[in-house]
Amino acid sequence: MPRVTPMSPAPVRIAAAAICGGFGVLLARALLALPEDEAGLAPLIETNLEASGVKHPITAVLLNFRGYDTMLEIAVLVLATIGVLSLTVARPGTWAPVAEQADPVLSALARFLAPIMLVVAGYLLWAGEHAPGGAFQAGSVIGAAGVLLSLSGYARPVWVTRFALRAVIAGGFVAFLGVAIGVMSAGGALLEYPAGSAKTLIVLVETLLTISIGAILVSLFIASASPAEELRRRMEENR
Amino acid sequence: MTTFAGLSQTDLYALAGAALFVIGLYGLITRPHLLHKVLALNISSGGVFLVLVGIARRVPGPVPDPLPHAMVLTGIVVTVSSTAFALALAKSIYTETGHAVLEPDDLEETGEVSRG
Amino acid sequence: MPGSTQLLSAAQARRPVERALLFAGVWFVVAEADLSSWTFGVPFVLVATIASLRLTPAREWRIRPAGALRYAWFFAHQSVAGGFDVALRAIRPSLPIDPKLVCYRLRIGPEHARVLVADTVSLLPGTLSAGIEEDSLTMHVLDCGLPVEEGTRLVEEHVADLFGIELAEEGGTIGPCEVGSVGTCGIGSEGAR
Amino acid sequence: MTLTSWIFDIVLVGTLVWLAVRVLAEVKLFKSVVLYIAFGLLVALAWVRLAAPDIALAEAAIGAGITGALLLDAAGHMRGRSQPYASASDEPSAGGDMDA
Amino acid sequence: MSWELTALLVAVGTPFAVAAAVFAIGERRHTLRGATNLAGAALTAGAVVACAVSAWQRFGGGPFAEGSIALLDIGFGLRADPLGVVFAVVAGVLWLVTTVYAIGYMSHASDRARFFGFFSICVGSAIGIALSANLLTFFVFYETLTLATYPLVAHSGTPAALRGGRTYLTYALPAGAALAVGVIWLNLIAGPVEFAAGGSLDPALASTHPGSLIVIFALLMFGLGVKAALFPVHGWLPAAMVAPAPVSSLLHAVAVVKAGVFGIARVVLEVYGPIAHELDLTPYLAALAGFTIIYGSVRALAQDDFKKRLAFSTIAQLSYITLGVALASPIAIAGGIAHLAHHAAMKITMFFTAGAVAEEVKAYRVSEFDGLGRRMPLTMGAFSLAALGIVGVPPIAGFASKWFLGIGALDAGEGAWVIAVLGVSSVLNAAYFFPIMHRAWFRAPKAEWAAGPPPGSAEGDLRMVVPILVTALIGLVLGIAAGADVSPASWALRIGMTEVPW
Amino acid sequence: MAEWVTTHLPALVILVPLTAAPLAFLLGGTLARPIALLSALLSQPLALALAFTVSAEGGVRYEIGGWGGPLGIDLVADGLAATLILVATVVGLGVTVYAWGYFADRERYRYFWPLWLFLWASLYALFLSGDLFNLYVCLELVSMAAVALVGLSLRRDALLAAMRYMLAAILGSLFYLLGVALVYAAFGSIDIATVREAVRADVTGQAAFALMTVGLMLKTALFPLHFWLPPAHSNAPSPVSAVLSALVVKGSFYILVRMWVDVADPSFVPGSAALLGVLGASAIVWGSVQAMRQERLKMLVAYSTVAQIGYLFLLFPLVAGGGAAAADAWVGGMFHAASHALAKAAMFLAAGTVLARFGHDRIAGLGGLSRRAPVTAMAFALAGVTMMGLPPSGGFVAKWQMIRAALESGAWWWAVVVVAGGLLAAVYIFRVVALFLGREGAEGEDADVDAGRSPATMEWATLALALAALALGVLGQPLVELIGVGAPALVAGVGP
Amino acid sequence: MSVIDVVSVLLLVAGTFFFLAGSTGVLRFPDVYTRLHALTKADNLGLGFFVIGLSLRADSWVVVVKMVLIWALVIVAGATAGHLVAEAARTSGVVPWRKPR
Amino acid sequence: MKLILVGIASALLLSIIVGLSRVERGPTPADRMLAAQLFGTTGVAILLLLAEAMETPALRDVALVFALLAAMAAVAFVKRAWHPGPGESEKGERP
């Protein structure tokens, strides 16, 4: 019997359509009523860009003006990882080295691309200071490299202990937090970079975040994804 | 800013964002399968981001307002996190119950009940 | 490696440098020759090098520059030909194709070379690699009329030239496949529909 | 550049909306996922058009990298389990249901 | 802190402290619990007496001792004023007696920690009600009493007990809600509502908010009337008789029901005061009370279950107090207030008796009492004394209150019908109590009772017999010494004079 | 040092659990519990100090990064924020102590501690945030941690509940974010203080508020958007249920209050206040009726939360008119939030003790609980007193103020709702309490009363929370005053 | 419009032709294997034309090399993806289309 | 000139839409997947073009990332989605 997932019953659909239509009209009206050429906070950001320590306004917003947001956002990532890990607690096998069927072509691809991805990630990180790029984009590329490796049968190297893994997952956040608190010793507020050291600290934080984000994304994938071989192996054991 | 039929490019994308948001909302309500629900939420958030970036374009001059961009970047991270977690949750549910719907009633509709 | 000679050690020592230079080149290009980028570039190139060495430990193969040039030329004009070929087939109203699945007995030994053969074959006119087995390459052929066997042999030879590998005596021929195959051109006609 | 830009934008936006509808209207999980991946790529183009290369970068890296992989993995995970997977009844399935 | 304030706080706080201690001591350590309980009760009794002394000393002079903590715009306030201490002394002293009785009565029961804990809370709430300085405080203690009574009513956990508890709540909670709305509304109109002799509301309100005041009065009377068992919201009281005897004794004769009538007195006399007259509210209340007196007495006649007969008697007797308050002549008020104390002493004796009889000879119905006087002479003697008092035979306490009521009614110009009610009621009282005495003393006893109490014991646990005698004696003394300066009757008379300055 | 602490007080309140959370994750099983307890203990003086500072100075503003709004993000604490922080701190301590015993040696729950600490920190961050977008991030943090906690037991029902919760929470966040986007478009800022100055009731502004409100209603589980709450709150591990009902729903409600009372007043979108009030009233009735019908204790308590949330929403129509009624309603609403938090936490913890000890929480099987687990039964009953709004409890003070406000503004029907809600609550509470007193032996009962006692930390933490809810009714004046500190202009009228 | 511009546009148009042809192939070819042919070959050639065409307009040679690098990456990805998909299709039993005879 | 560039980009967009119909028509998952692959390549082309037309060099970085990750979807598809699933695992494996 074909498994299909059809829509809800007609009354639900009609009600949903009515609700959605209502919101659609509301939104459209609101958007079209917007005044043209509203500057928002852009001029303020422009004015303070010099003092932020970086040249790219988005990076300045993310790491300095609204660095607190970014810090909490990394916490969201860490939380999601913990959440995914908590779903696998009862499945201790998940973190054991997984050897997927090795395909020479795929393996060659991974071995070829992964280091290049690292280089490109580094570039994006560097570029973020003055151009589009930054920790998150760079971290995503690293994460993609990890996912590619994982899909190609490269399991977690044995020297990466569980603690090390946790450390690298939480590391970016802890480092950010550490810097945020650390700068308070210079007399400023939370996350108030002392004059002159803003750039250095932002770079430091971004670098650590990149590594951490990469690790988190890989962990999210590995911990939540369920390699068929692995599941079958466990099933055998349970029998 | 060039306009076309009274619309600017900004309006076009912002309206598209609104449409995506609403489409996602509709899908979220009407599609029983969890994967569809997750996709629906992702589409909705894409819509919200489009609205935000559309708003950022309203700044006079070629360079858009960086603040909404930063907000969208933060939002994307949040969306990725929640998508990953929601998918892990959905898969756990599937493993645990044999299907990926919230209401057992939906099973008949999905035809999953018939499975041995 | 037990009893490794001086020469081998030198080769092993050279390899990281080669890799590092390769990635430095990548960085250089990607960063569009910005000199100030090297503060980041150096550590990331190092990390990439280490990662690369871990993923692909130094093996006894290297690229011969002359072979590389020959290979590049071969690849370039063959892939242009491949592109033209398939594009024309796609837009011709008659859709002149006569596909089949075939097996090619490989003459080339090392895995990296086989992978390169497989990847290259996919870009040549009318062939698409669809699996590497023990000693054979499964290919999908777009048109039986194409000189597939000759083309593949050429690829094999160019790759061997590139890496400086000796080809085996045997093989280099197309034969029927076992998995999901329908034999060579003209033999067996059990199509999908 | 205005008119061509408009054509590009309208086509892009129209495709986006149409894709969104298709993703959610689709019955087959796997198809939805693939359509969504396509959607992600096009959204990246939309960011480009809106002069938001930062976001385009992030979308490209995330959409093509982790999200796509996660969704495909989930779609694979949630497919039928009582049937042998090649028996052509379920998405994603193999050869049996070729074009008619 | 002055000794007066200390006494005030000790009087209210001790029972709650005892409750906490009892809960903490737990189920197993009976001796420690008993000792704690007794010590606390004694301390409380002492403290309420001290409060009374304080009030006595300041009567007519300076302000009464008072303490308060802030909350919202009102605050909690305690005050040892004359009206309050009457009730406080009644509750405090009788608690001490009841504690002794209860320790005896419950000596074989389970869940004693829970029982004594909530019992203490009830008493504390009753004393708190008595000593509240304002309507908010009164209300808080009033509701605490409601809540703490529930576990006691349902104490035995049998289906019947749970049913009784449910009935109780069905009445008490809506009443509480009505009371709450009334209190809030009143506070809204009049600002913080303090209690003050002669009424605390600004008389001008009678003309500015007459409608609101009438509705509020109705809400308050409904809220208080439930506990005061005014017809038609009296139904919970007989149902609550499933509670253990000490509960029925102290709570259903003293604390809970008296809290209701006491509240009526507070509201009518010390909040509304002249406004109640101006808006013509009191006649309705008086009429309702009069009807309840007759109704309760008639219903009592028909009860074979001993405790139920007592319960209906209580319903009737409580309305004496309400009636006195509603008549609003100084002497009638005095009669009502005096009856608050007098009835407490007499009715608690009777409920004690019911408990003792049930424990000792397992007799629950009047029809099973034949010859009981032979078997339990002391107990039945005490009962007879109390019954005579309720009927109004001089010189026992009941006579004094009825006398005041009658005089007060004449004073208020409502003499005729009130005296008629009193007369009929007394006849009915006699009609439902005398048969019991007759059976106990003059019918032939069952064979095993003929020999009198079993040798070696009085007629059951001494911890029960002695309290019965004590309370009966109190009833007698209150009547005989009604004329003394410190007697509740004289005290009530003095209060009555201050309450009606108009 | 002391001066340093005072300067950075708002930040420190957040930083303590926020630092403890990754540490608990990093250092794992054995150390996580002490870390959590240490953080909980450290939070107490900090929260108190914050409350005192707010009282003394009429409010605190802390500029993160030294930029100041609208460019940077400010932490802002007024009386409202300080109150909720105080409540979160007390409840948090109770839950932490309880969980110490509850999760004593369960390896499977090793992620409870970091998740809980993250949740705690994000609640603090939420209450202190002075920026609309930052609030979005905080909301997401809260949701993510809460969802993960709900699914922690990995039981089938818990997973389903977590999923449902997750979908609702994400959708709510999206609505909210869309609203924030429109606010920024319309008013050019997302800093609350700046928006407050710029706010005007045009189409965009109204749409923004409508969207944010829908999202937050969904997150607060206001009827009829409450569908996700009962399964999530009843299937979570009990300490988690306690936090969810006590604090998490208050988080989104807090933002709603900020929007409708502080930033704009309810006249901003005509009819919105009345609509919210009607939905609140419906929630009270619907939640209570459902609670009466439940067969499982935790479900009953969860539906009770649905009902009690309804009271919070009566705040909006009551403050709409301003003046003394608004001031009263303000105190009442916030007092309700506080006392409900304490009492509901106690109820869920009590239910958790029952569940842990008897292996089930079927109401029918709870006969005689006051004999078998007196402390727990007592805690439940005392918490019930607050739920019913009877004196002397915090719930009473709250209802007192609400009824007062209703009568004051002439909208007596809200008073009827409040009173009726209290009586309905009494029905479902006493249904359970009566069973506790009953004699019917329960399933899974052990003959010996003392057999299988629960850890003392669990029982006493529960009782302490219930007593705290009770104490609010008597000793609540400082809280009443704190709520009034720096209150929004609309409700700062003739405060009590 | 300079000569370079003209050449560049011509190259771009040529590239576009190959992209469209690739898409047409993907649409018209009868089974997954044949479609993979169209995908891997035509598109890569199309991208090649684009890179060359845009290189003519590039500001610096590094940009040209960067585009070539991108092209190379796409080629590797395309070839590998084609191989993997074909192999997967084959091992899971998708039977190739045969010309009707 | 820009007009031409953007026009060409529109043509490429059209090519993507044509490819989309293969996603719709399938019939096998592999067919859908390879259409998605098509978008990667075309997307790179569009990005390079727009980088020129919009004078935003950063778009080349986007194209670079596209190119790097072009194979990810296909790999994930082959390794996870089109693979004997974990469905065979039985209930009750959790304690």
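We just call them A, B, C, D, E, F, G and H in the order they show up, numbering each chain from 1.
Criterion: a residue touches a chain if its C-beta (ideal position, glycine included) is under 8 Å from a C-beta of that chain, and two chains touch if they have at least 3 such contacts.
Computed from a predicted model, the values in this text were never measured in an experiment.
With respect to subunit H, maximal separation of chain centres occurs for E (centres as means of Cα atoms). Taking B-D and D-H together, the pair of chains sharing more C-beta contacts is D-H. Comparing chain C-alpha centroids with the centroid of the full set of protein C-alpha atoms picks out F as the closest.
The chain with its Cα centroid farthest from the Cα centroid of subunit D is E. The distance from the centre of subunit B to the centre of subunit C, with each centre set as the mean of the Cα atoms, comes to 40 Å.
Centre-to-centre, using mean CA coordinates, subunit A is 34 Å away from subunit C.
Between subunit A and subunit D the centroid-to-centroid distance comes to 20 Å (mean Cα coordinates, whole Å).
Looking at subunit C, residues 26, 30, 32, 118-119, 129, 192-193 sit in touch with two or more other chains. Residue numbers of subunit G whose C-beta contacts span two or more other chains: 22, 24, 30-31, 36, 44, 46, 63, 66, 69, 73, 76-78, 80, 82-84, 87, 89, 92-95. Counting partner chains per residue, subunit F shows two or more touched chains at residues 108, 133, 137, 140, 144, 147-148, 151, 154, 178, 182, 184-185. Within the complex formed with subunit B, the residues of subunit F that make contact are 133, 136-137, 140, 143-144, 147-148, 151, 154, 156, 159-160, 162-164, 166-167, 170-171, 173-174, 177-178, 180-182, 184-185, 190.
Residues 17-18, 21-22, 24-25, 28-31, 33-34, 36-38, 40-42, 44-46, 48, 60, 62-63, 65-66, 69, 75-76, 78-80, 82-83, 86-87, 89-91, 93-101 of subunit G are the ones that touch subunit C when the two sit in their complex. The part of subunit A that touches subunit C in the complex is made up of residues 104-105, 108, 110-111, 114-116, 118-123, 125-127, 149, 154, 157.
Across the complex, subunit G meets subunit H through its residues 1, 5, 9, 12-13, 15-16, 19-20, 22-24, 26-27, 32, 35-36, 39, 43-44, 46-47, 50-51, 54, 57, 63, 66-67, 69-71, 73-74, 76-78, 80-82, 84-85, 87-89, 92, 94.
Note for the complex: subunit B touches subunit A at residues 1, 8, 11, 14-15, 18-19, 21-23, 25-26, 29-33, 36, 51, 54-56, 58-60, 63-70, 73-74, 76-78, 80-82, 84-85, 87-89, 91-92, 101, 109-112, 114-115.
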